[in-house]
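I've put the structures underneath this note.
What follows is chain A paired twice: with chain B in the first complex and chain C in the second.
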Partner chain A sequence: MRIKETLENYLFVLPAVTIFLVFYLIPFIWVFQLGMYEWDGILPTKIFVGLSNFKEILTQDNIWWLSMWNAGYITLIAIIFQNALAFMLAMACDREIRMKNFFRLVFFIPPVLSEVVVGLVWQWILDGNYGLLNVWLVKIGLPQLAKNWLSDPQTALTTVAVVHCWKGFGWGFLIFLAGLQTIPRELYEAARVDGANAWDSFRNITMPLMVPVAILVAILTVLGTMQAFVLIIAMTGGGPAYHTQVPVLRILASMRGSSRFGYACAQGIIFGLILIIISFVQYRFSKRSRQY
Partner chain B sequence: MAVKFSGCLRGILAFAVLGCFFLCGCASRPVENKNTVVIWHWMTDRQAAFEELSRRYEELTGVKVVFELYAPSEAYSQKIRAAAQSVSLPDIFGILGEKRDFSSFVKAGHILEITPYMLADNGKWKNMLFSKALAVNEFSSDNSYGVLPGIYGVPIDITTIQMVYNKKLLKQLGGNPNKPPATLEDFLALGPKIKASGLQGMVSGWGEVWMVDCLANNYAFNVMGKDKVLATIKGQVPYTDPDWIKVLEIFKQMQDSGILANGLVTMVNKNAEQLFANEKAVFAFNGSWCVNVYKGMNPGLEFGAMLPPAVNSKYPMVIWGGAGSSFLINARSPRKEEAVKFLRWLTDREQQVYLAETTLNLPANKDSLKKISEILAQFADDIESSTHPNIWGVSEFPAVVEALDKGIQSIVIGEKTPAQVAEEVQKIKQRELSKQSNR
Partner chain C sequence: MKSDKYYRSKKVAVNVIVYAFLIAVALTCIFPLLWMFSSSLKTQETIFKDMSLIPKEFHFENYILAWKEGGFGRNFLNSIVYTSVVVFGIVVVSSLAAYAFSRFTFPGRNLIFYVFMAAMMIPIPGSFVPLYVLLNKLHLRNTAIGYILCMINVGLSTSIFLLKTFFDKMPKELEDAARIDGCSKLGIWRHVALPLAKPVLAVVVVLNALNVWNEYVLALIIFDSKPLMPLQVALMTFQGEFITRYPLLMAGLTITALPIILVYIFMQKYIVKGVTQGALVG
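For the complex of A and B:
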């Protein structure tokens, strides 16, 4: 009887395990295996090169690490500014304000728009010659601020990061809002009775209870931003020079530009491992903060 | 009456449904009609014309030809590679990529060698096509790719990548609308005038780096000649050679003179085409397909074709050109013969004239040139000055090409000097050469 029950249980998890194996684990192993070959993606023969692709990435490919740095910079901006904006707007919409639902809808529009469309629209807005932003800057008497936002190496990466934040803050907004709505209102009422002002309530009730939510948003922001590339390819193509190159663009360049499928797979594995490590660190951090 | 399933049975059913999906996914392709030739391509602007030609061909022969369009070109490129891996390529297809990729397709047995068909009837088919267009699809006996010499593809049109200028704007700047600047000196002298007039100088899709590579190669041929360029690719001449530094300096001179449009380094070609078509830019570096594009954007645009202004007269100015689009026949297709017959018909004069008239691309058939527009004829005149990396017999390492292109972008944005870029490119070249020798 016990064996039958156990078998039944295994049978229930079998579809999920099969899907996981077929669509996640086997491809991962296969990609790792391909990473040990020199292969152009066309010829049926592959040359086994062992771990030399991995070694080349780790020790010689400066552009790869530059792209990691760029992605890290965009991620840092997203974690700080995108999430701060999302949190502030969620706080505003959590109050009893007029047209609350309208604002909730509006703030969630950017994330559901196509990244390519957003990229192209912002490219027009930021165009150095005829872009709306420069036209407005000139109109309001600040012509000295007008510049080639996407072609200037000083501004290209930050500009891309800002647009990425605009595109992505809606997700954080939604999660923060959901988190804020789970905080029992009685806590605020009790605090008010005890003489706490708005800042005290925020510091002692909202902030501690929102820490797990903030960590979840941070994890999602890191994973989403590190893997960003559609917006970048639409806005700058990774240029000028290597100033807006990100890891996924490098993987694409290896696969499409150089026809080095094996190398691209090795880059994918290394990038995946880096993301896993970052997520693990954040997870450990979130576990510790939950104890609070 | 509702049927009740036990939990266990539900699990089995779910697994069975999942199994069915897998089995369906593994099913073989449906058997296609023997009289249907399937063609995969990426040319969105030519689909309507292809469909019309397919209709005419079916009327004539009873053989149905289906043109399946897959765009954008990047997605098409990946689809072809995936189909090659699963040995499910269509009867006819095109590939987008370098000669190295082309050679891999040939070596993997995906492409039919069509030399015997081309040479039949005293080379009638071969002789009616532009030799430069055919050369792109040809592997010579001394090719470095290890491919058996022969012809492996059929060009359906020709492309040249060169410069165009706006006649009206050039006149406004004090130039002769029928005589664009022929020397770099004259070209650069227009820079300050263009800046003062508030116009843009030269626009191009330099955000898609291959166009930078193209112009750099044009100037390399002009500065040092073909032999030295090929010697560089072979690793016999370093990129730090003074001639290469001179080539890189041309880009710095262009930037300093103001002849390059603002934001050129991240400009995609579509934006460049819009700026030129809307008469905001005086010059554009673009392919001959631009005739069709500009006509769509601004039918009244008056422009002319020109070669990039030369630096010296010691070596000729050479532009990239040759086959624009080519079709290849699947060597494993059961309809090889029908495919050959269709491509033979497609490159006949009548069909080529129709394609040239409707799509405004240069025809691959020499006899069809008599019926093309004046501006297309200007592009056609420069075919003799054209070359293409795919006919050089050797290819530069992609990493080196990327370093050169990105280096030129760095020069244009004032981040690096030509000498610095040359040094960096040479470093990567040496790394790639040593990797190659270790294999």
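For the complex of A and C:
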């Protein structure tokens, strides 16, 4: 009887576990395995090369580290501007304003759109010759500002970073708003009775209570933005001249462009390790600052 | 002492600035979509010259052209099919598993659950590489079922987490009553647990539908033949082929974005809940 009961229970989780085993765990193990081979994905024979893929990435692959730097740059812009914007908007909406639900609805529209749609629409708006932005700049008398936003090596990466912020601030906004709304109003009332002005209550009530939320948003931003790439595919394809290359795009290129499956896996492992380290550092930092 | 009038006019000034700020940002969110739609109604000749938001002529036939000639009709159907099947699959598979994690005891239960949770939080960049190899081996590449199974896996962990959290809080009386009445475990799952879980199921459905509809990478590496591609991949392929047929591309983009926007507007409540709950896990 007990055995029948237990078997029944297992049946409930069987579909999930089976799918998970086949489509997550096995590939997970293979990543580490394949990282040590040189393989084009088609031939039945793989060449075991040990750690040479990793060595090549760490010592020779300049484009890889350029892509890392690019991702870091985009992430930095996101952490600073995207989240600052999200926070300011959340502060603005936290007060008793009439159209709060409307703004909440609108601000989250960019995040629900696909990266492909966002990338292609903005590519059209930012087009060097016929894009709305440049046409409008010329019209208001600033033609010197009308650059080839996505094809000029000087502006491409920042342009991509800005569009990424446009798409992403809605997330931070929602989370910050949720966090702000958990702060009890009585604290602000009490502070006002005690004679505090707006800046005082912000500094002594809002900021300390929002630190954990801010750290959460920061961790999510870093993890998400470092791995971003579809938006970049849609906007620039990684160019001009590798100026908008990012790590995951390099992995995709190793697989589809150079047909080096083992190398692509090695890149994935190194990138994954870097992300884990960054998250860990952020997490430890958050634990320390919670001793507030 | 500052006069009452000073405080009142200061408050009005602050409100004006705040509102202006909010409205400005809201405009930047909506305007690109309006421009996309407006561009889709122009022709190949006028789109590079007519820079007004409301086009001089409305060329709705661009949508027919994009649907038929551009092939987006077929891709739209694919997206609908993939999204529906994957969402249905996830609902069934994850609710069964979540119910078991919440209500049953069996050896390894906690371990298996934690593995699912760990998978949700550990990023594996480039996981599509071994997935490609796997699908090749299973002869599932360039097949709908291969893509569907992959996408079911993608949404499993989060959905299981959301549902288990709900089931844990669900009062047991109704299930006990059903069991006393002789209902089987599966029957209880189907007739008691699932109906009660409707709000969470709505979140699961909406979040996963969004993910599948917007997904690009896996579809890119799995599908070779255009008639099987979902919209996102088809759009990028179209852009590569017909790099100058902007009105049709814009029409295709509108066709792709419109369902999402509609679903979002109607199901906004569930999306917000899902996002904030999912974020609280991390």
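Annotations for the structure displayed:
Basically, the second predicted complex is superposed on the first by the 266 of 292 C-alpha atoms of A that agree within 3 Å, B and C clash if a C-alpha of one lies under 4 Å from a C-alpha of the other, contacts with A are read in each partner's own complex, and residues count from 1 in each chain.
Definition applied: a contact is a pair of C-beta atoms (placed from the backbone, for glycine too) under 8 Å apart; a residue touches a chain by one contact, two chains touch by 3 or more.
Everything numeric in this text was worked out from a predicted model, so none of it was measured.
Aligning the two structures on chain A places chain B and chain C in clashing positions. By the document's definition of touching, both partners, chain B and chain C, reach A:Glu8. In the superposed pair of complexes, A:Gly41 makes contact with chain B and with chain C alike.
When both complexes are overlaid on chain A, the residue A:Gly168 reaches neither chain B nor chain C. When chain B and chain C are set side by side, the one touching more residues of chain A is C. Looking at the shared chain after the overlay, A:Phe103 reaches chain C, while chain B stays out of its contact range.
Using the contact criterion defined above for the overlaid structures, shared-chain residue A:Leu85 touches chain C, although it does not reach chain B. Contacts of A:Ala253 after superposition on the shared chain: chain B is touched, whereas chain C is not.
Applying the stated contact rule after C-alpha superposition, one finds that A:Pro153 touches chain B and leaves chain C untouched.
Applying the stated contact rule after C-alpha superposition, one finds that A:Leu216 touches chain C and leaves chain B untouched. When both structures are laid over each other on chain A, chain B collides with chain C only at 218-226; the other stretches in 200-208, 218-226 or 272-280 stay clear.
The interface of chain A with chain B overlaps its interface with chain C at residues 8, 12, 15, 19, 22, 41, 129-130, 256. Against chain B, the residues of chain A that register as touching in their complex are 8, 11-12, 14-15, 18-19, 22, 38, 40-44, 47, 60, 123, 127-130, 148, 150-153, 156, 235-237, 239-242, 253, 256-260.
Every residue of chain A that touches chain C in the complex is listed here, in rising order: 6, 8-10, 12-13, 15-17, 19-20, 22-24, 26-28, 30-31, 34, 41, 85, 88-89, 92-93, 95, 97, 99, 102-110, 112-118, 120-122, 124-125, 129-130, 132, 135-136, 166, 171, 174-175, 178, 216, 219-220, 223, 227, 230, 233-234, 247-248, 251-252, 255-256, 261, 264-265, 267-268, 271-272, 275-276. By the touch criterion stated above, chain C contacts chain A in their complex at residues 15, 18-19, 21-22, 25-26, 28-30, 32-33, 35-36, 39, 47-48, 51, 92-94, 96-97, 99-101, 104-107, 112, 115-116, 119, 122-134, 136, 149-150, 152-153, 156, 160, 185, 189, 210, 213-217, 221, 232, 235-236, 239, 246, 249-250, 253, 256-257, 260-261, 264-265, 268, 271-272, 275-276, 279, 282.
On chain B, the positions that touch chain A within their shared complex are 7-8, 11-12, 14-15, 18, 22, 74, 77-78, 81, 84-85, 97-98, 100-101, 104-105, 107-108, 110, 200, 207-209, 261-268, 271, 275, 280, 398-399, 402, 406-407, 409-410, 412-413, 415, 431, 439.
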